[in-house]
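Two complexes follow with chain A in common, the first pairing it with chain B and the second with chain C.
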Partner chain A sequence: MSEMRSLLARAARLGGISGALVLYLVAVGLVLAFAQRNTVTGVVTLGRLMVIAPPLALAFVAAGGRGTFAARLAAGLVTGIISGLITAAAVLFVSSVEVRFILVRISPPLIDFMEFSQGAVPGAAINLAVAIGAGLVGAAVRLIPPRPRRPLVNATLGVVVVSLLEPFLRPRLTDFKLASVARFMFDHKGLTIVAAILVFILFAAFTVGWPILKNNTQRRIAAADPATQATIRGVAILVFILFLLALPQIAGSFLSQVLVFVGLYTLLALGLNIVVGYAGLLDLGYVAFYAVGSYLTALLTSPISSLGLGIPFWIALPIVVLGAALTGVFIGAPVLRLRGDYLAIVTLGFGEIARLLFLSDALKPWFGGVQGILGVPPLFGVTKVSVPILGWELHGPTLTYYPLLGLCVIAAFFAYRIKYSRAGRAWNAMREDEDVAQATGVNTTNYKLLAFALGASVGCLGGAVFVTHLASVFPGTFSITVSITVLSIIILGGMGSIPGVVVGSLALIGLPELLREFAEFRLLVYGGVLVIMMLVRPEGLLPDQARRRELHEAEEETESEDATDAGLERA
Partner chain B sequence: MQPQVDPATMTSQDAPEGLLLEVNGVTKQFEGLVANRDIDFNIPRHSIVSIIGPNGAGKTTFFNQITGIYPPTSGRIVLDGIDITGFQPHEVAELGIARTYQNIRLFQNMTVLANVQVGRHVRMRGQWYHAIFGTAAIRREEEETVAKSRELLTLVGLRRRVENELAKNLPYGDQRRLEIARALASDPKLLLLDEPTAGMNPGETRQMTDFIGRLRRDLRLTILLIEHDMKVVMGVSERITVLDYGEKIAEGTPLEIRSNPRVIEAYLGKQAATS
Partner chain C sequence: MRRSRRLSVVDLVLIALRVVVIVGVVIGSWATLSAGRLNGEQWRDLLVFGVAQGSIYALIALGYTLVYGVLLMINFAHGDVFMFGGMTSFFVADALSRAGFLNGNPLIGMAIVLLTAMVSSAVLAILLERIAYRPLRRAPRLVPLITAIGASLFISNSVRGLYGEQVKAFPALDILKGKFDILGIPVLKTHAVVISAAVIIMLALYWFVERTRTGRAMRAISEDKDTAALMGIDVDRTIAITFAVGGMLAGAAGVLYALVFNQVHFFMGFLPGIKAFTAAVLGGIGNIIGAMLGGLSLGVLESVAPALFLSGLGVPSPNQLRDVVAFSVLVLVLIFRPYGILGRPEGK
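Right, the complex of A and B next:
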């Protein structure tokens, strides 16, 4: 019985959290912002999903406890009831009491939305009913065995994701002369019911079919002779490269712009990853290196900058990298003796100093103060490149994409090589225990400066390319939020992990660009994501274990050799 | 295999190369506290010597000065003819002193193998830019380092299958062994062991002391032990120095130390010494 009680107590607690979460999402305005965005047109909007999702998800968690089938279902019900009661009470409260002077987002349209346009009391009742329904469904899904559950959950998420992509998919489909498909799939910013069902089936089938397909293919590849294996691998890599090269053409101009942002932040994060992830030096002023990269490039390449040199970009780039590396050393040198929080605070200050220097009137003759530097020529000297044969017209983001991609690949390769070298291990050792690293022979002074210099060099590349993309540079770009964003990317992806950096940039830069409505809530969402990550998965999305697993597998074959070990105890 | 030498019959005359470490008049003062006062101390080549003393006698302070963690207030430390007084820890490590810690200090979130590879750091030459270009020389060096590290893991009795475990996941005794492997990876001339048997039961302690004896024989190492447990050092070391309140109060063979009244006094109190 006590088991049952603890299960229900936990469910009640989760219900409280769910209710609070719903109220929060409503009160900050997220729900109303997405109220007009259809997921499945005529059935449910994204705003409505945001109200339904918390009780659903937390009932799913609540039903995961230990207990009988009925008890676990009851747990989901309790979560739903409590969550619904909280929401219903809030609906009743805001429809009778004016709270808008404190909670500015609680507007009449929002109240109407939360009441389902049915007035206060029926609206509250509907809210309760919806939450209870969500709670029961959440618990029921948990009680389904994993095999049928997985395609169900994936298919549902698939429908939501495809509907979110509507603003990009629809115009692209039209561009590719598939307007009829677009009309069939989408209606009023959402999926049509028929399309939603098709997408659902497609995703479910894929979830079921993919592991089988993958296993079969892997078995077939494993059975093939080494030459064929090498060919398959080569073809796979080639296809991937071709895909990356063709991506801007597939994605279109707007998505390419998003990809350019993702590329910029990937470069910044790869650089900061060296400083924070490898060497463990918490640098909160990383934006300084981005600024130095941008300003140096602008100074050298713009014919109307204070220097007025107008050097071609690719000749200027080595000078920019060198300048950034020197800046890294300059910033690194005074903080050599600082550790942990102290280092973070001081670098935070350096980041602001960099911005203020570029902004200052004293240095205005050099950096142009508030006006910044204008007239930065495009990267290849031309604004438009046409690719023969394929008939591609590259300009703006679809052109900037390529040098960014190239630099990202090079930087990732560098970062990877260094990581598994003497220097990488020395940094890791320093991160783990600086005193012991030094006593083991690591010259900590040199390696700290090296981390700052290399981190700065990689980060400045992002600034250098981006400034040619915008054709100008302003000090306002280099605020503290850039440093925080880049750090968030690394934490989300997994400290020190290179694939993690890419995934982190896609998630934190790419997704918010896709969900335009998020724009004003971006920092809020970052905060939420980071808190959840720290609680649920502190090692990041793609932690650095791929290599370890690789080594483990290789080692199982050599295990028999272990028998000859001369152990201490046998000596 | 080196010819076996019985530690009991081996005196400083058996080590014709002379002294590996000479410490002359080292004093360390922290504010008002004198942690080490005017200590003279020598280590003959290929010997095992020990420093013992009650807790707080200044043993670890003395260790820290040899390894360069802080410089002595006055006095001189000479390793193999080179005056290393005031050298930085990484310079001392490069010149051939490696150490372990009383409270094990491994690189917790690195793999077992990587811990030993870091130990090899000072004997490697590859720079980051070599690594980027993946030169043949650097690949060879990496392979050699892995081979050497595995050899050392085997030597200290760690199995191959743990080499990709994180150091923090090893059981306590294995962590001690790993620390020794990491220290040995730098090909040290002098190995400093700070209470290597702390937290071990009598059986494990005996294994460890046997192992220390083997290290000296097989690797021709010179070893300096710190212990506060007298019984541990009696068996393995040919010379023992006793510190108390920062001063050297006795020096000699285990037999001499065992019967020295000042040592007994330091350890057991005045009454025990006179009775």
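Right, the complex of A and C next:
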């Protein structure tokens, strides 16, 4: 009986959290921002999903406790009821009391949205009913055995993701003369009901089918002789490369612009990953290297900069890289002996000093102050390139994509090789225990400087290419938020993990670019990502093995201690 | 032999940096003073403004120092706790001022405003500790720091979303207009009130930490957490109280800051937060008196330095570089005296 009571008490607490979460999402403006974005047109919008998701998810958690089938379902119900009561009370409150002069987002359209356009009392009742329904569904999903649960959950998420891709998919389908497909799939910024059902079935089938398919193929490849295996691997890599090369043509110019951003941040993150991920030095002023790369490139290549040299990009690049590496050493040298957290703050200081100096009137004759430097020539000297056989016209983002891709591949290859080199091992040792590393003969000073120099050189590449893309450079670009964004990418993907960097920038740069409503909530989400990842999964989504072990070392120790304690008690 | 030569490269950079800074400061101030750019009164005004600003930094810096004392972590989100206090106090002050209460009963009115700010900041600080930091006490050192950076971003952008992103004009009090005459020196009334309020709050804190049971528990935890727990101190509760006290000081600082600059904004926590952290390190982090002294010296330095060193060096529009001075102090303090002016080098 007490088990039941504790289950329900926990459910009630989770319900409270869920209610608070809903109110937060509503008041902070996320719900209204997405209220017009249909997921399944005529059925549910993304804004509505945000209101439904907390009770659903927390009821899922609440139903996970120990107890009978009915008790766990009841736990979900309790979570839903409490969450719903909180929401309903809030709806009643804001429809009778004006709070907009404090909470600026509680506008009449938002109140109308939360009332389901039904007026205060019925609206509150609907909110309660929806939360209870969500709670029951959440608990029910938890009670389904995992094997049938996974395709259901994946398919639901699949529908949401495909609907998010609407602003990109629809115009592209039309471009490829598939306007009828586009009309069939999408309606009013969302999936049509029929298309949603199809997508759902497709994803469910895929979740069920994929492991079987994968196992079969793997078994067949393993059974084949080595020569065939090599061929298969070669073909797979070739197909992947061709895909990457053709991507801007498939994606179109809007998505190519997004890809350019993703590429830029991937490059920056690859560089910061060397400093933070490999060497374990938390650098919060990474934007300084990006700025140095940008400004040096602009100074050297722009004919109307203060130097007025107008050197071709590819000749300037080595000078830029060298300059950035020197800056890395210059910033790195004084901070080497600092403890980890002080190092973070000092680098943050350096980053801000760099930005303020580029911005200042004092250095205006060199860097142009607020106006920055204009007239940076395009990367290949021309704005348009046509590829003869394929008939591609490359310009703007579709052109910038290629040098960025090339640099990303080179940087990733380089980062991969150095990770397993002597330097990589030295960093590993240093990160785990600096004193021991020093005692075993690792020259920590030099390896720290190396990390800073390499990180700076990789980061400046991003700046160099991006300057030619924009044809100008402004000091406003280089705020602390760039450093934090790059840090978030690494943390989300996993410190020290190269695939993690790519996934991180796709998720944190690519996704927000697709969701334009999202723009003003970006930093909010980055902050949330940092906190949640550190609390739940500090090793990141695609962890690096060594890093994961370090981060869970403490837990393992306490666990084994607990085990010993328990053993002692038993004895 | 090889090893010592390589190390000396770093030493060389450090020495060069030291020389550049000292030479710049000396030449700059000499040039300014000999040129007589500003008269005595202007210097005095800069100094008083610096002290007012510095006493606000000191209040915030105490929060960093208290938390560092018990947890050995830099609470990067502390600047946003400060901002939150200023923000909530704005709504109360605005409502009171519209009702005419704030100018009718300025003492009671300001007490209410101050109390709201202190309570709301304390609540936020407790929530922060409970949700973001407590689960990470045993994690490697960088993990809570990254969490704190995330929390800082999350709080400031939540406030932006909840309360709007425009700058809000903090109501001015009639009673605070004009100047006091203190020992023949005219001082803006706002500055005088801010300085005395900060001093009173700091004295109260000093009494709390040195004379009360809870204060003793806090000091015990900062000496040794595990032993303190064995002596029957409730560690979790005391840490929560430490965060609450730090939050209260930050909230009060938020109101004082709003009084001096007449505005509040969702991003106003970032710079004072960093500067107060500098102040805390300058005074020796973990050291309460040090934080107060560090705050005052940083405030004065920041107010006087651009006029004193930079204009003497012939730098155009030196006031643009105020924050460069603050960040340079931060960098130089952390590099050359990470144990602060009052502290001693940590023995390894």
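As a working rule, the second predicted complex is superposed on the first by the 545 of 571 C-alpha atoms of A that agree within 3 Å, B and C clash if a C-alpha of one lies under 4 Å from a C-alpha of the other, contacts with A are read in each partner's own complex, and residues count from 1 in each chain.
Keep this in mind: a contact is a pair of C-beta atoms (placed from the backbone, for glycine too) under 8 Å apart; a residue touches a chain by one contact, two chains touch by 3 or more.
The model shown is predicted, which means the values in this text are computed figures rather than measured ones.
Once the two complexes are overlaid on the shared chain, A:443 sits against chain B and chain C alike.
When the two complexes are overlaid on their common chain A, residue A:362 makes contact with chain C while staying clear of chain B. In the superposed model, A:531 makes contact with chain C only, not with chain B.
With both complexes superposed, C is the one of chain B and chain C in contact with more chain A residues. Comparing which residues of chain A touch chain B with which touch chain C, the overlap comprises 443, 551, 555, 558.
Of all residues in chain A, those touching chain C in their complex are 24, 27-30, 102-105, 280, 282, 284, 330, 333-342, 344-346, 348-350, 352-353, 356-357, 359-362, 364, 443, 445-446, 480, 484, 487-488, 491, 520-521, 523-524, 526-531, 534-535, 538, 550-551, 554-555, 558. Within the complex, the chain A residues that touch chain B are 414, 417-418, 420-426, 428-429, 432-433, 435-444, 450, 454, 548, 551-552, 555, 558-559, 561-562, 565-571. By the touch criterion given at the top, residues 3, 6-7, 9-10, 13-14, 17, 73-74, 91, 132, 135-136, 138-147, 149-158, 160-164, 270, 274, 277, 281, 315-318, 320-321, 323-324, 327-328, 330-331, 334-335, 338 of chain C touch chain A in their complex.
Against chain A, the residues of chain B that register as touching in their complex are 67-69, 88-90, 92-94, 98-99, 101, 105-111, 114, 117-119, 121-122, 124, 126-128, 130-132, 134, 138, 141-142, 154-157, 159-161, 163-164, 177, 182, 186, 207, 210-211, 214.
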